[in-house]
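First the structure, then my questions, so here it is.
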Amino acid sequence: MDKVRVSIAGGSGYGGGELLRLLLFHPHVEVLQATSERHAGQPVSRVHPNLRKQTQLQFAALADLQPCDLLFLALPHGEAVRQIDHFISLAQRIVDLSADFRLKRPEDYREWYHAEHPRPELLHEFVYGIPEIHRDQMRTARFVSSAGCNATAAILGLYPLYKHDLVSGPAIVEVMAGSSEGGNAASESSHHPERSNCLRSYKPTGHRHAAEVLQELPAGDGRSIHFSATSVDMVRGILATMHVFLKDDLEEREVWKIYRRAYADEPFVRIVKERDGNYRYPEPKLLAGTNFCDIGFERERGSRRLVVMSAIDNLMKGAAGQAVQAFNIMHGFPERTGLEFPGLHPI
Amino acid sequence: MDKVRVSIAGGSGYGGGELLRLLLFHPHVEVLQATSERHAGQPVSRVHPNLRKQTQLQFAALADLQPCDLLFLALPHGEAVRQIDHFISLAQRIVDLSADFRLKRPEDYREWYHAEHPRPELLHEFVYGIPEIHRDQMRTARFVSSAGCNATAAILGLYPLYKHDLVSGPAIVEVMAGSSEGGNAASESSHHPERSNCLRSYKPTGHRHAAEVLQELPAGDGRSIHFSATSVDMVRGILATMHVFLKDDLEEREVWKIYRRAYADEPFVRIVKERDGNYRYPEPKLLAGTNFCDIGFERERGSRRLVVMSAIDNLMKGAAGQAVQAFNIMHGFPERTGLEFPGLHPI
Amino acid sequence: MDKVRVSIAGGSGYGGGELLRLLLFHPHVEVLQATSERHAGQPVSRVHPNLRKQTQLQFAALADLQPCDLLFLALPHGEAVRQIDHFISLAQRIVDLSADFRLKRPEDYREWYHAEHPRPELLHEFVYGIPEIHRDQMRTARFVSSAGCNATAAILGLYPLYKHDLVSGPAIVEVMAGSSEGGNAASESSHHPERSNCLRSYKPTGHRHAAEVLQELPAGDGRSIHFSATSVDMVRGILATMHVFLKDDLEEREVWKIYRRAYADEPFVRIVKERDGNYRYPEPKLLAGTNFCDIGFERERGSRRLVVMSAIDNLMKGAAGQAVQAFNIMHGFPERTGLEFPGLHPI
Amino acid sequence: MDKVRVSIAGGSGYGGGELLRLLLFHPHVEVLQATSERHAGQPVSRVHPNLRKQTQLQFAALADLQPCDLLFLALPHGEAVRQIDHFISLAQRIVDLSADFRLKRPEDYREWYHAEHPRPELLHEFVYGIPEIHRDQMRTARFVSSAGCNATAAILGLYPLYKHDLVSGPAIVEVMAGSSEGGNAASESSHHPERSNCLRSYKPTGHRHAAEVLQELPAGDGRSIHFSATSVDMVRGILATMHVFLKDDLEEREVWKIYRRAYADEPFVRIVKERDGNYRYPEPKLLAGTNFCDIGFERERGSRRLVVMSAIDNLMKGAAGQAVQAFNIMHGFPERTGLEFPGLHPI
């Protein structure tokens, strides 16, 4: 089989580095170029030292980007939409990891990003990048907009409940996340003596990923989703803990059936719910480097609260891994291709 | 002034060790004895190495406990109530750090501890140990039952709201806690390779401290509080993030006034809410070794959700520090005595 | 090609789990059995949760072990030698991850393990398991004894220097290691509140792996190697920092040539020495899950000291990964087979 | 007693913050001013959030510094010497925490700092700031130059051995240190995803603190000290592991006597050497916030190697704490004044 020739615009960030790690080992991919303005001409392994002795590839400048079959965009937010026409001229297919094309309604973009979307007419050409929800559209899509990391964890955790209209009243989504979510640019808030040992409310309200959750969850009646994000002393990983109240007094095994039915055939969703041991619930510790989304839940006795837990690696299922999963779907490859790494224990 | 002669039954655990650290430096205290069955006859600094060169005190056996002015009980849950008559015969005053006498209604004990309380007639002789709520009773109390650590964080965070009946519908309390909360006994779940890097749902539902929160918060109408606990990779510290919906559309500065009024004169409660910097909200990282409870909040735009954050050191304001604060109140000492340590930054 | 049928005696520990992770994905391997007395009958993924949805394999009891082509022994030290005749009767080839057959001279075993070796006549049938030194013997070996993790890091770091007799006087080997090195059994010293944030002298002198280093390094004149081990707050990973004094005043590029020549064709040894950036020297952070040994060095100006740094993942190049590398050599497979994972950045 | 009126030039860094924490609670000190160019006019608690509700002090600009009794300089290296005449005009006594006046010989400064010292005539007016060595000079000193953090750990660990001329041949000093050593300025190397989980050779050779060690240790014959520094995932704390070879075959109890004699009356040096337990050797984990230097050692059987371990909190005994200790000596206060905090366990 001919290899798909791909390039990465924005290859020096954490998302770009993870794409490189995955694509360099993908059996059906040839990586043509990865760009970095700051590091153009340097080996990619200077910036991504895990790739030492794995590749001779050097960064190219964005201006030197050549035509390819599919272009991954891992640029800072705002850059993808600014140069989108150029990118479309270079590649028939695009997977954008930024937030630029995630929201489908221009008014949502205005509300959450406090600006007019520069190219609203393109929004609906980008399929929102969660395969478990939009797989069919992806098969024929030219453009995919990869989902936000926190949004991915929340949406996959809540989707079966909202799809079947089981939730009554507001849902609380509490996301705890590691520092790699903030990207590779150093700042006062990422300074190790300040960020280490932290347990820090990051966005108690107003997190932009909430807009994606609201967009993607089936509406039902009176849907009301409230998002908070907290930073923990971890590099990779997201745990979303979601609190909903059920319309009906479902028993745990009924909830179990709903999740099983929703995700039984999904290669990257696992229902995690064990009676004992250290790993009774989903946990990002186990997921570093993997594309899994682990989902668990627990019913509260004496109320209708259901607590749903959802864990991912923010750079994998929350970014590069999910993008490669979309890539596989777009090209008809088995979805697991290049994404088989099972994770480490202990770590 | 004559010193108060105190002893500690159960001095080898983390709570007992923290009591020793505080009481050995307390200007109005003479520590007579600290007991440990396993370490009887050994210097306390063998078990609490931070006390090296600070004291010559050795552990005594519980059977050798002598009469004293006030006895701190830092025994495993169930032990305090089992021997309570003996302890009462030894000391006129008792501060119990265990959960044995926290719940005032025997039916609550039955529901949450799945057993009949052995001495229900004593429950009301123990003042629930949060000074900010029960200071007046403490002044004349013989017995104080120190509050649970998670409960302390949640109660102090929510109290002003429930006192003024401002909350509508259910409240979600998400507590994130470090490993010292589990005590000093090694187990499979505390094994470093498993517990390190964890972000682990510990009690999504059913945490016993919820019973204390329900007991202590003023009832209002339709009070409904839902508690979850998550373990993070930290030794000391608790962050409680609480999500409530306000009856009225209060602005942030109105909420601010309510908290200011509630806690203005409190020596150990600080309202933390800054516009920028790393420490805009309460954070346990800053509180290691201190007796503070830092409280902050944020209104969500477009809904009536209020997010309240409350942070403590679980071994201090969540255990030994709060017990010494109660001790100070019981003896008419200034509340800050022996509790002045301001915490470290960075740490 | 027919698959090699392998089993693992002692599959529930960290070494056994890592073997399972590697072998289940190895293209030329069929895993027949993995044993665990405690977990017999349970899915291996109950103990190794990273293997959820990866395998249906269940643990067998050791007594139920069936004949196979190659048997990996990942038993507690002492168990392999105790039952070695039985294991030899089951499999033509054995790779033992324990320390039982590492030392070739019974007197060394006596000195370092304070006991007579039970089966000294077998010691020379086991090839010491560092492929970079014993590859040729491994090709035809029936038995391989996997090297100690700290010993592997130290030996690979120092080997080129001692091979060319470049060292004068004593060498100091300072090994810093994570907690997984201690295995999966909880203890007071592995209790998270005690082990977390630690920077703890573990074996300032007397570490048994020193015996392996002394055995494997070419003798030269006056060889004298002094080993210390320090525990750090990390789960996986070893950094060995080695201080030697050179006989001759070699420049850095001469040292470079010596290392390049020694390891140029090695698939799992990388010379790491960069002028700037965060990763100028070898670092275990980059190696989690990989089989690499990264080696770097630096000459001190004004003296003949050479500092050599060597980093590995203790469960991979220090245990299971190196065992699979040996397995590949024994069967003529390309050495990288099943060991291609490049590691994660950041992590 | 009248309080000593002190000010801090450079109060916004980690050293300055720690000085503020100590001096605000010091019974014989009145803090007049703390300067920060960037934060002038802001409350010091904005930058040092552990001081919230502890002080109303605001930062002043350096230009507004008023006369005081003693001036602490916690400025970036190079700034103290540049403005030293001005500082001398403001205060009769100065304690400088920077490296500007540590080295007594201009040629040492040239060698290690690669520049001519701007004011070599002042070097000998500054007493090198380790009280255990220079206490007598401090009593009458006008100026003290606080010792480097790594140097303090190494010098206190090795001093008794070199004083009695017990060492033969080269000594290896391996220092492991946390991130607060690097100060409060964010950089690529302090970015949390890169710095977290690190075990990173920082200065295998060429660390400037080596110059202080060479200066302060008694010369003996053939003294040769070789310094390396490694960064670990910790905020506060230094562990120095030192490897020396003894001239004579001293038994451990003889070594013990030497250390006991050297430090018996020292309020902040503890000999730590226990037979069992988690804390057999010195460990910085126990020392956060304290002014202790814990020292331990172990003889290697079969060689003359002695391993000496020395642990401190780099911001306390390695900086602000030792500076306050010097301050106490300069004013005839008991040395422990304001430095009594015993440290936390667990932490």
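Order of writing sets the chain letters: A, B, C and D. Residues in each chain are counted from 1.
Everything below uses one rule, namely that a contact is a pair of C-beta atoms (placed from the backbone, for glycine too) under 8 Å apart; a residue touches a chain by one contact, two chains touch by 3 or more.
Please read all numbers here as calculations on a predicted model, not as lab measurements.
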Based on CA centres, what chain would you say lies at the far end from subunit C?
B
Of B-D and B-C, the pair joined by more C-beta contact pairs is B-D
How many Å are there between the centre of subunit B and the centre of subunit D, using C-alpha atoms for each centre?
35
Whole-Å separation of chain centres (CA-atom averages), subunit B against subunit C
46
Identify all positions of subunit D at which a residue touches two or more other chains, and write them in rising order.
14, 180, 184, 188, 193, 195-197, 233, 235, 278, 346-347
Contact footprint of subunit D on subunit A as seen in their complex:
14, 178-180, 182, 184-188, 190-193, 195-197, 233, 235
Footprint of subunit B on subunit D - complex, ascending:
14, 17, 21, 25, 46, 48-54, 180, 184, 235-236, 270, 272, 274, 277-279, 286, 288-290, 340-347
Give every residue of subunit A touching subunit B within the complex, in rising order.
169-170, 172, 174, 176, 188-189, 193-201, 204-206, 224, 226, 228, 230, 232-234, 237, 239, 241, 243, 245, 278, 280-285, 296-301, 303, 305, 307, 309, 311, 346-347
